Every structure is written in structure tokens, then in C-alpha cells.
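Here subunit A shows up in two complexes: once beside subunit B, once beside subunit C.
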Partner chain A sequence: MYDIKALYEARSVEEAVSLLTEHPEAQIIAGGSDVLVQIREGKRAGAELVSIYGIDALRGVRLEEDGTIRIGSLTSFSHIEADTIIKEKIPVLGEAVGKVGGPQIRNIGTIGGNTCNGVTSADSASTLFAWDAIIEITGPEGVRRIPIQDFYIKAGKVDLKPGELQTGILIPKKSWEGYTGHYIKYAMREAMDIANLGCSVNVKLSEDKRTIEDARIAYGVAGPIPLRAVSAEETAKGRPVDKKTVDEFAAAVLNDIHPRDSWRAAKAFREHIAVVIAGRAFTQAVILGGGVLS
Partner chain B sequence: MKQYKLIHCTVNGKEREAMIDVRASLTDLLRNDFRLTSVKKGCEVGECGACNVLVNGECFNSCIYLAVWADGKEILTLEGLADPDGGISDIQQAFIDEAAVQCGFCTPGAIMSAVEILNEKRLLSDEEIRVRMSGHLCRCTGYENILRAVKKTMLKRLGLSSEAPEKQEG
Partner chain C sequence: MYAGKSVKRVDAYDKVTGRTRYTDDLCDRGAYVARILHSTIAHGKVLKIDTAEAEKVPGVVKILTCFDLKEKHYFATAGHPWSTDPAHQDVADRLILTEDVKFYGDDIAAVVAEDEVAAAQALRLIRVEYEEYPFVLDVQEAMKDGAPQLHEAYPNNILKHTQIRKGDYEQAIKEPGLIKVEGWYDTPTVQHCHIENFICYAEMTGDRIQIVSSTQIPHIVRRVVGQALGMDWGRIKVVKPYIGGGFGNKQDILYEPLCAWLSIQTGGHLVKLDVPREETFVSNRVRHAIRSHIISWVRPDGTYAARKLECFSDQGAYASHGHSICAKGAGAFPQLYPCDNVEVDAYTVFTNKPVAGAMRGYGIPQAMWAVEGHTEEVAAVLNEDPLEFRRKNLMKVGYTDGFSKNEMYADSFNQCLEKAMEAIDYKRKSEEYKNQTGDIRKGIGMAVFWYNTAVWPISLETSSCRMVLNPDGSFQVQVGETEIGQGADTAFAQMAADVVGVPIEKVHVMSCQDTDVTPFGTGAYASRQTYTAGFSIRQTGLLLKERILDYAHILTRMPVFNLDIIDGNIVRTTDGRVLMSLASLAEEAQYSLSESRHITAESTYQIKSNAYSFGCTIAEVEVDIPMCKVTLVDVVNCHDAGKLINPSLAEAQVHGGMSMGIGYGLSEKMIFDPKTGRTLNNNLLDYKLSTFMDHPDLKALFVENEEPTSAFGTKALGEPPACSVAPAIRNAVFHATGVAVKEAPMNPHNLFRAFSEAGLFDKEPGAGSKEDDDAAASSGKNQEVQ
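And then the complex of A and B:
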């Protein structure tokens, strides 16, 4: 038995909003792979829960008419990984969520839950930051959409107001079209481990594949919340596709990141790894985009 | 105040009904209400895979799955692999033949992950099998024999070979 005070099950988004409004103390449970573990650990013991796991309308990936990729917040990691739209347009997201936990965790874990925890190590988050994802939130006042950078407020805290829940993650066409990306998770084990550092890069090359038109890079665990390395992005923009660009891009990330010392890894070590994996992820993204690095 | 819910689900092919405490995990439901003790309580925090079962064909650690979510679902545990006479399935036999069982605590969960893989009826590389079986901790066997048992059964079911490969490649 879990130490739960009360459980309310929502069957629709409207029902979830009204249950959350009626029970302001209640916490949302999606797949539960974090919430139920925290209840077991005593951290959230005695909580009132609103389960949204039964809202099937929040499952699945769709390509909207304007080319926006829409991921329902309850879509499991394994369904994202196997989805044809994801595979075709933004395969790097499938690869990133394929690194979460182990197979059973990827079946229960949801992308909405992963982002709503506000945890910097979430494998999906850095990639979503790199894609300029938009978070869709539904609440008593209706629907609002905000950039993922604004959704994360601080460690463990996201912008969900009373009565609100996350209902979708959107990647607009202008963010994905023409871009190729790569994600690197640096962890001690290949499975069931939390990233020491996660790095997601995507690039857009010019028509002739010789110039970096745009580059985006985001990290998990390089700060209290996922973050973009903007000076590195600026360094690469408009530069020729060559080894020098890769090196300068990678070195520039140190202006943007501020990892901390923890029992998992020291700050100096994380900084070193950050530069190395930035270079590797960037290189891979360029190669996937058809660029040749001499 | 205790809160209860009446749920209906299919467990190992049989329609079941239960009045459950909403605080129960699926492990609690399967072990206590349905006496399916192949579902083990290892860590109870989703790390070890000992409690793994199939829900609508996908693997879930039942220790971090609310029992109320089982309403309307189809659940398969190791007990459901036996034929009507109580004979065991090919994957179970392969675990025995390959010495993939020692204390046996991880075995039911590991076999259910193997069942999810085998149900896909496709050929997986050694690396893919490793990834797909990576949600299980086994303190006894050292994993190699488990991987061998899964591969052997996969090849057999696909009609590709009846012999266990001598060694895992890669």
C-alpha cells in the first residue's frame, strides 16, 4: 500500500481541472514513476492525488495542419521512441527518451511527467529545450502556451498554477524543419541511471551544406534546470562547416553552463565532459545534416 | 477514511473483479487478491524488475503501478504462461536449460520481459536483447545465461535455429 490520503481519477481534461480546483492540496500523478517512488521514500507521503493517467485523449503524437508536431503529455517514452512522425522529423527526441531508465520505466513514464518534475536531469528536457518546444497548459481559465524555457522556474518548480495541468508539447515547424540533431547522455551505466550530464544539439545547414545557418544546444544537469548554451550557439551561427567551428563552439559552452559539485561528479569534471560532448553532439548533428567535416 | 474502488480486469485470460483499496499497487492486487505470487516484491521502487508483468501487452513494474489503473486492462503474469495441464512454456524451459535461474527471485519478471520481446515475432540483435532486458537486476546468474535463453527461444520461434548459440556475440 502506498501512503496516499485520497485518490481522485480524472477521465477527461475538464474533469482533471475541476478535481484540481476542488482539491487545491492535491498533486497530479501521471505515470507515477516519480510520484509513487517519492511516496515510498516518504517525500510525498500522505499526499492527495489526482490521477490523470486515464485520460487517453492526452496520448499520442500528431502532425498538425501547420506542420507543428504535437505530443500529448501522457505519451509514454516507448511510444514516442516507436512513433513514425518522431522517427521521421525529430528522431533525436526518440533517441533521448530511449535513454530514460529501463524498458519498463519507458512504458510507464510520460513526457509530460518528465518535464513537470522540473528536474534538470530529465532526458527529454534538454532535447525539448534544443527544439524550442512550446508547453501547452490547460486550466480553469482555458489553454495557454509558453516556451519551455519559461515553463521551468527553478529546480523542481514549473509554471503550473492552481487547477492547471500540462496537456501537450508542441514543436513548431520552423523549429524542426531543416534541422538535424543528436543527444548524448553521460552516465555511469547504460540503463537505469540518471544523467551526470545530458547534451542535445541541433543544427541547420545552408543549401550547399558548407555553412552553419543555425545551431541550438541545450544541457541537462549543467545547472539547476535545463539550459541553452547561447554563447556557443552565437559562436557557430554563420560559420563554415569545419573542425575549427566545432572546437570554438564546444569551448564556448563554458560561458553558459554552471554545473555543481555533487557526489555524482565534480564540477571540473562536468565542465570537461560538457565541452567534449558538445563537440561530439555538434559533429554528429552536422554529419546527419549532410555536412562534411574536414 | 478508507477509499475503495470496484475494478474489473482480465488476469491470465480470466475475467476478474475485485474491490480494492485505492492505495494498493498492482503488485498488492496480484499477490494478495489473486494469489499470483510469481509477482515478486524486490525493491518496490521500480528499480529491479522483479514485479514485472504485462499490461495490455506491455511490460510494467507492478510495484509502481496503481491497482486502480488495472481497471479494464488485460494482465498477464508468469502463471498465465502455463498450458491448461500445467505444463510450462518454451521460454520457461529455456531458462531451465540454459541455467538462467539460480535463486529464481528475478526470474518471473525477467521471463515476462522476454515474453514481451517474443510476442513481437521479430529477430532482435544481441545488443537489442540486452537493451530490452536491461530493466532487470539479477544477483545470481551474471545475465549471460538469461540473454542466451531469450535468444534461443526467439530463434526457435522464428524457425531460425533450434540450437543455442555457443556464445553471445558482441
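And then the complex of A and C:
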């Protein structure tokens, strides 16, 4: 039995916007795998809820004419993992969301919910950061699109104004074309866990596969919100594909990340792992791109 | 014969179709819902509880606080048989609600409401004022002079200190040429994590109270509820339906007295107390964390001259099962590797932490972590093969313990080790994985365990059984031993069918214990259900058979000594002729106009024996050093549990125990906030119970040396599978890396510290990320071993 004051069910985005405007205190609920847990814990007890779970228009992945990959915010992790466009263009996102919780959670949980929670450990978030994803938000004033890095304001807080909901996640062609990526979820067990650190790396190699043209690396849990390790990226750009580049790239992440000491993991431990997984994710991304590390 | 066959579980269809009813399914929907208010300090006194706001919540029926408890009956919670000798009774240190807070999570008030939402809302609105005292969380800190004291009667917080002295340790260590090996070993506080949280409900009828509880020990619950409420025991009825696991947590009186009291306080209304998972972690029972210190003095020929063990067991805030756990592990120490000169000092110590009680293995998993880890280190110091070193020093056939009279009848250790080694290809791998370099290394390790069956001669062992013949020739079986998921009912049905001589379909085991009608038994613990119930089932079955054949004599005119019951028929043994079916006999017996009899049998058997139950684990691991991760690649357990009544169920039992051992070795640990004493990870996300994905295929093997003291040749198997898994994994990590981890679990946090201290990361910066995993594993170049 859940302590819910009221539940309003929207059947369209327009209806969701008007319900949210009518009930400014209401919390959006999609799959409920976070919201219901919070209600049970007492954190959101007595909440009013606007459910958007029935808005089928927000489900699915498609490739737009300009090559943008559009992921509806209500698309479940399972569907993303199985989607052919994802598998073909950005398989790393499917791999990342395939590491969320367990099968039941991946069936009910949505990528929109994962990102709107604003938590640093979300498995989809670091990968979306690494892809320079664009967040589409719909509200009373219409639709606006912002980079995912601007969407995250602080821990648990994203840029959703009154009456707004996230309706899509967009990955422009220039972000994904020619890139290969790898995600490493570092957790204490192989399922049913949240990341102690998540690291997603994309690289773009030169045509001869000997030079790193571009590299992007994003972390979850290396700070209060997901973040890009920009100095590591700079270290790698234009460098030859070799082990020295890998090592220097990995070591450079320490300039960018600021994990904290908590009972969940010590700072020194997180830093050690951050370097190890940066190197391994980078290496794997390079190999997927056809690079050879001698 | 059914004993020895993998017959289908008697409850299989009901359980897989969801038809089985558990406590919550049985509770009437009109029940009031109770929730407990737990203290938010670790040590102190409750000064005031303000319930005014909480009482305004619609649906709140009554709020009762520690100050409403007018009659203070202190009670002991351990699910041990009662002792009529006060010197052997458990420590009675609990109250239904308390104002003297001894740990963060102590029970100080309760809300009774019409539904769970109202109860939860009310809980959040109760305000408590405390006087806070200093608290202590570390077991050895708690023993120091001047440490915060939990219980007045126990100076330096020592609940009990026991010693074992054999030979002359001090003299023996003077022998020239001895090698000293010393180590400290720590095990964590863990929780049982049975899938069904503790739940019970209570209501009154007349002046009696009925409690339905998810417990392993209904008859003991009846006694303790009586003691806690100051009520005659006969006015209390306890019913135990199917339960979703217990693993020892439910071998304790948890909240049955509180629930019964809340019912009484609300006019005898039905009150349900369903404990959330978060509270199950903190305010039920946990496994004792035990710190052990072992010193071995070894001769260069690999024999022990003298050994010493000190162990410090973290009891938490209240006595519960107390020193029994630590004492069991300490008692195993001089037996497993016999040595002429031994000193053991075992301490059980109160701390301001969740209360430790019984948990599968009862002190032996902790002891084996220390002893088997240490054994591996001694072998390494001597440069001896760990297997040969064990063979040389392990308990030998014929060993007899003076106290329990337990005897090692067969060469169980060697037989189990042989079988396990063959299954996992130990010898080849042990050679192959020597002297590895590289980031990713493999290792293989073993551990043995010592265990015994039941609790004789420490406390009462008794089992009662009733059999009631039906007119169709089938019969009911009732025993006080309880089905808690392990498959006991199926084993009972197999044994009963064999003794009486009927097809197993003719045996109806009454799974539910009801203390008003079920014959007395003390319940599920000490891996004793099959062993213990076996005696009373055999004795009662023979009695039933005697009564049936006595009636058969009337109907057939044949002498009883020429009659038998075979496969549900009355058979003349002289020529094998079937004279009549048991069904027609039973029908006639019940309805006969000349000689009507209600054929039943009931008897009690008091067991005055106990049996060793031994075995081993061998584990193979892959250690990713930079990632601080251990992958369990393969694991095998081999047990000598005597004759297996049901091999499939035995295998399942071993799998479950191995899973528990994997979590114990690799991931599980309760974490306490040093600033407040609060449990930080009291949920199944932050508490890292291992999952299927963390397990390789689990192999369960057996050698079956029939136990001569046993009614059916069987002995302990419930707890033993959890005893040697963690140290075997630990020894495999030692084999792979040369790092002797002292503290369980070997989770990445712990391995990061251990590998750092061992210098495994002392390479050029970023070396761990030099190459991809496969390349590192195959080439293994340029990597330094410590």
C-alpha cells in the first residue's frame, strides 16, 4: 500500500502539460521504479502524481531524416537494448542500459526517468553525456532542446520548469557518426546494483586507424552529477593510437573528476578505479573502431 | 524403499503454482497493522515520547510506548530449549519495549493503525527526547576498562569468557626449532536475508491468545511469549504455517511477544506485524562478527607442537544466542587439527550494535574463515602442499570427542577432498596457476569444515511424533520439527512410508505446527530436523505398525510374527501372500460393529547422541588485480552427511548454502556509521547479497558413509554447506596473488586495501590500463609480482 494523495493519468503530451500546470505540486511518474521506491521510503509520501506512462507517442527509437537518433523518453531499457537502430549506430547505449538493475527493472524503467532523476549513477546518463545528447523538453511554452550537460543542474535536480516534461533524447549525427564506444559499469556485483563508478568512452579514429581524431569520456559517480573528463579528452585528441596514449589519457582523468569519500566507497579507491576503467574503456573503444594497440 | 530416492517434494506443486499460503496470505484483511518505532540513538535513555501529532492521523488506533509497559517481564529470546536449571537458562535481558536504548534501532514504541499508510504517517510524527550516553561499536574496544557499559551485570561488556586448555602450551612452545605462524582474521556482520521478512499476527479468543508466526520454532515461541507477557503457557497458541526461509533469524523470538501485547492492548483485536526489510536488517538478528587471533607453533616436519586461539565475538546489544556461537567455533578448533598443546580463549562481548543470534553455521563459518585461512598460511610458510599439509594434520578416523562422544567413523575428509579435487581438476590447476604474473591471475583453493548434528549433550534433544490412520489406509504424520523450505516434510514422508510400509502417497505430513495439537518438538535449528525427527518417526511408525498388525491378526487369524505391511498391503511373510489391503483393514477397524478401533500412535524419543558431519569446498577464481575484483570461476562442495534421504533435496540444500558462502566470502557486510552507530546499508541494494550473476554453476557432491547412531543413517546437512566456501575462495585468491586477505568479505574495497598494502599496484602510473584484459592475461609480460 502506497501513500499517494492523487494520481492523474495523462494520455497525451498536451494533457500531461495541462495536468502538470493544474497540479503544480505533482510529481511525474513514468515506470515508477524510482518514484514508488521513494514513496515507500517516506521521501515522497503523500505525493500527487501525474502518470505519463500511458503516452505511447513517447515510446520508441527512430532515425530522423537528418540522421539524428531520437529516443522517446518513455522507451524502456529493455526496448533500447533490443532496438536495431541502437544496435547498429550506438550499441554502447544498449550495453549501458542493459546493466541497469535486473530484468524486471529494465522492463519497467525508462530512459527519461533515468535522466530526469538527476542522479549521478544512472547508467544511461554517462553514455548520453559522452554522445553529446540533446534533451527535448515540452511545456506550456512549447518545445525546447538543451544539451544534456545543461539539463543536469545539481544532484537530484534537472532543468524541468513548472508544467514541463522530458519528451525525447536526441543524438545528432555529427555526435555518433564515425564513433565507437564502450561503457564500463563498476559495481559491487554483476546484477541488481548501482554503479560505484560508470565510465563511457567514445573515440573517432582517423581513416588509417592510427590517430585518435576525437575522444569523449564521461563518468557517473565521479561527481554529484555525470561529468565529462575534458582534460583527458584533450590529452588524447590528435595522438597516435598506442599504449602511451592510453596511459596518458587514463592518468589525465584525475584532473577532471572529483569523487567523494563515502561509506559506499573511499575517494582513493574510486580514483584508482577511475583510471583503470578509463584506460580499459578507451582501449575497447579503439579496438571497436578498428585500431590496433601494439 | 523411499529413503535414498529423489522423490518429488511434497509441497512442490503448491509452491510453484503459488497456492501455498504464508502468514500474510492467511491473515484476515480486517487486521490492524502495527509498526515499531526504533531508537535513533545508539545508547541512552528515552526521556519522553510525544505522540500527540501522530495520534491525530486518521486511522491510528493506538500508540503504545515503552512507558505504557506497566509489567516488566524480562525475557530471553534465543530459540533454545528451556532449561529447568536456572544456571543453564539463556540471559533474560529483553523487554517488549524499552526505555533503555542499547543500539540504534532498539524498540521504543509501536503504532497500531487501520492500515499501513496511517501507521507509517504516525511513525513519522512521533517525537522522542533522549538522554544520550557514549557508545561502543568495536568488540575489543568494548572490553577495555572505561568503555561504555551496556549491561550492569557484565563488567567490561563480557557476556561470557570460556577457556579450553589441553597439554601445556607455554612449555610446548619452548621446543627448539619451532616455526611460529600468527594471524588475525575478521568476519563481518551479515544478515540472513530470507526472502520472507519476519511477520506475525495475534488475536484473542476468550482468555487465550493465538499467534500465527513466520518462525522456525513454534513451541519455543509459545514458552517465551508466556514468559514475556507473564501468562500461563497453556493460554497461548502458536501456529507456524509455511515460511519463506529463516536461516536462524527465525530461531529467535522476534516480535511475537510485542504483537501479542499489542493485541491485548487493543481489546484482543487482530493485529498484524509485518516487519519491513530495512528493519529486518537492523532490529531482528544478525550473524556474529568474530575476530580471531591464531598462533601456531609448527615443527619443520609439518606437525603442530602447540596452538592458540583467541576469539572475540560481537554480540551486539542483547544476549540472544550469546556465547553459544563463539563457543561452537572455539570448540571445533582443537578437534579439526588435533594438537597436544592447545589454549583457547573465547569471548562474547556486548556492543551497541544490532543483536547477533543464530545464523546458518552457528559460529563455524567464522571459525573456518580463520582456521582454514591460517592453515593455508602455515602450509605456505612451510612450503608444503596445502592438501598434503591438511591430510597430515586433520582429525583421523576413530577420533572421539570426550564431551559429545562423537566419533569420526569414516575417513570423511580424505574421501570428500578426493571427490572434490577430481571434479574440479584440482591438481592440474594447482600446478598450472603457480607463479603467475600479469594483471589477471587464476587461483584455486580449498577449505574443509567441521560440523556436528543437533545439540546433545549441551541441551535437550527430544522429538515427538503422532500418526493417525485413516479409513483409506493412509495416515497423517505430525512432528514438532518444522519445514522451513529445506524439504523436511518430504524427508519425513519418505521415512514414515518406509517404516510403516506404505506407498508415499499414503503419508500425509502435516506441515503446519499448531502448539495446541502438534506433539512437542523444539523446531528447526542445528541441522537436526532429519536426524532428530528420524528417531521419533521410526519409533512411532513401528508402534503404528504393531497396532495395525495386531488388528490384522484379528481379521486374518494369522500370528503377528508372520505378518508384515508391504507396499500398503498386509502380507503373510511365510509365503508372501497378500491377505488384505491396509485400506480395507483400516476401514474395518474404524467401522467394525464388533471391534472398532481408532488406530493411532504417538511417542517421544529423547536423543542422546550427536554426529559429526564433515566436508570441504574447492574454489577456482580469476582475480583482476587493477579492478580489485574476484570472479568465482568454479566451486564445488563435497559432504559426508551420512545416508541421503533425498539426494535432489540434499543437492538443493548444498547449493543454497554455497550461495550464502559466496556472499559471505565476496560481498556481504553490514556497515555501521562510526558517528551514530546507525546501520548504513540496511536494504538489499546497499547490502550486497550475491546474485545468480555472481555465481558459477554450483557443484554439490556427496560421500555417503551411513551414520551408525542415526535412525536412518543420516546426519547434518542444513548448515554445513555454508561453512567452508568463503575460506576456500580466500585461499584461491591467496594462490592467485600471494595476498593473504585477513578480512571477509573480499569485496573490491577490501581488496584495494589488501593489494595496495601488498604492493601489487606499485608499477608505473596507469599500468593497470596498459592493455586490454585478454592481452594482459595471455601475455602476462612486464608485470611484477610482489
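Please note the rule applied: the second predicted complex is superposed on the first by the 294 of 294 C-alpha atoms of A that agree within 3 Å, B and C clash if a C-alpha of one lies under 4 Å from a C-alpha of the other, contacts with A are read in each partner's own complex, and residues count from 1 in each chain.
The working rule: a residue touches a chain if its C-beta (ideal position, glycine included) is under 8 Å from a C-beta of that chain, and two chains touch if they have at least 3 such contacts.
Please read all numbers here as calculations on a predicted model, not as lab measurements.
Participant: Have a look at where A:42 lands relative to subunit B and subunit C in the superposition and call it first, second, both or neither.
Facilitator: The second partner, subunit C, only.
Participant: In the overlay, answer first, second, both or neither for which of subunit B and subunit C A:264 touches.
Facilitator: Second partner only, subunit C.
Participant: Between subunit B (first) and subunit C (second), which does A:283 come into contact with in this model arrangement: first, second, both, or neither?
Facilitator: In the superposition, A:283 contacts subunit C only.
Participant: When the two structures are overlaid on chain A, which partner does A:239 contact: first (subunit B), second (subunit C), both, or neither?
Facilitator: It touches nothing on subunit B or subunit C.
Participant: By residue count, which of the two partners contacts subunit A more extensively, subunit B or subunit C?
Facilitator: Touching more residues of subunit A than the other partner does is C.
Participant: Figure out whether A:173 sits in contact with subunit B (first) or subunit C (second), or with both, or with neither.
Facilitator: In the superposition, A:173 contacts neither subunit B nor subunit C.
Participant: Looking at A:3 after the superposition, I want to know if it touches subunit B, subunit C, both of them or none. Which is it: first, second, both, neither?
Facilitator: both
Participant: Return first, second, both or neither, reflecting whether A:23 touches subunit B, subunit C, both chains, or no partner chain.
Facilitator: neither
Participant: Should A:53 be classified as contacting the first partner (subunit B), the second (subunit C), both, or neither?
Facilitator: first
Participant: First (subunit B), second (subunit C), both or neither: which does A:191 touch?
Facilitator: After superposing on A, A:191 lies in contact with both subunit B and subunit C.
Participant: Overlap the subunit B and subunit C contact sets on subunit A and report the shared residues.
Facilitator: 1-3, 102, 190-192
Participant: Could you list, by residue number, the parts of subunit A that touch subunit C in their complex?
Facilitator: Against subunit C, the touching part of subunit A is residues 1-3, 42, 45-46, 102, 186, 188-194, 196, 243, 246-248, 250-251, 263-266, 268-269, 272-273, 275-280, 282-284, 287, 293.
Participant: Which residues, counting only subunit B, touch subunit A once they are in their complex?
Facilitator: Interface residues on subunit B, with respect to subunit A: 1, 3, 21-25, 28, 44-47, 49, 52, 58-61, 64-66, 68-69, 113, 116, 131-136.
Participant: Mind listing the subunit A positions that touch subunit B in their complex?
Facilitator: 1-4, 6-7, 9, 29, 32-33, 36-37, 40-41, 51, 53-54, 78, 101-105, 107-108, 190-192
Participant: Within their complex, state which residues of subunit C touch subunit A.
Facilitator: Interface residues on the subunit C side: 115-117, 120-121, 124, 626-628, 667, 671, 673, 680-681, 684-686, 688, 690-694, 747-749, 752, 761, 765-773.
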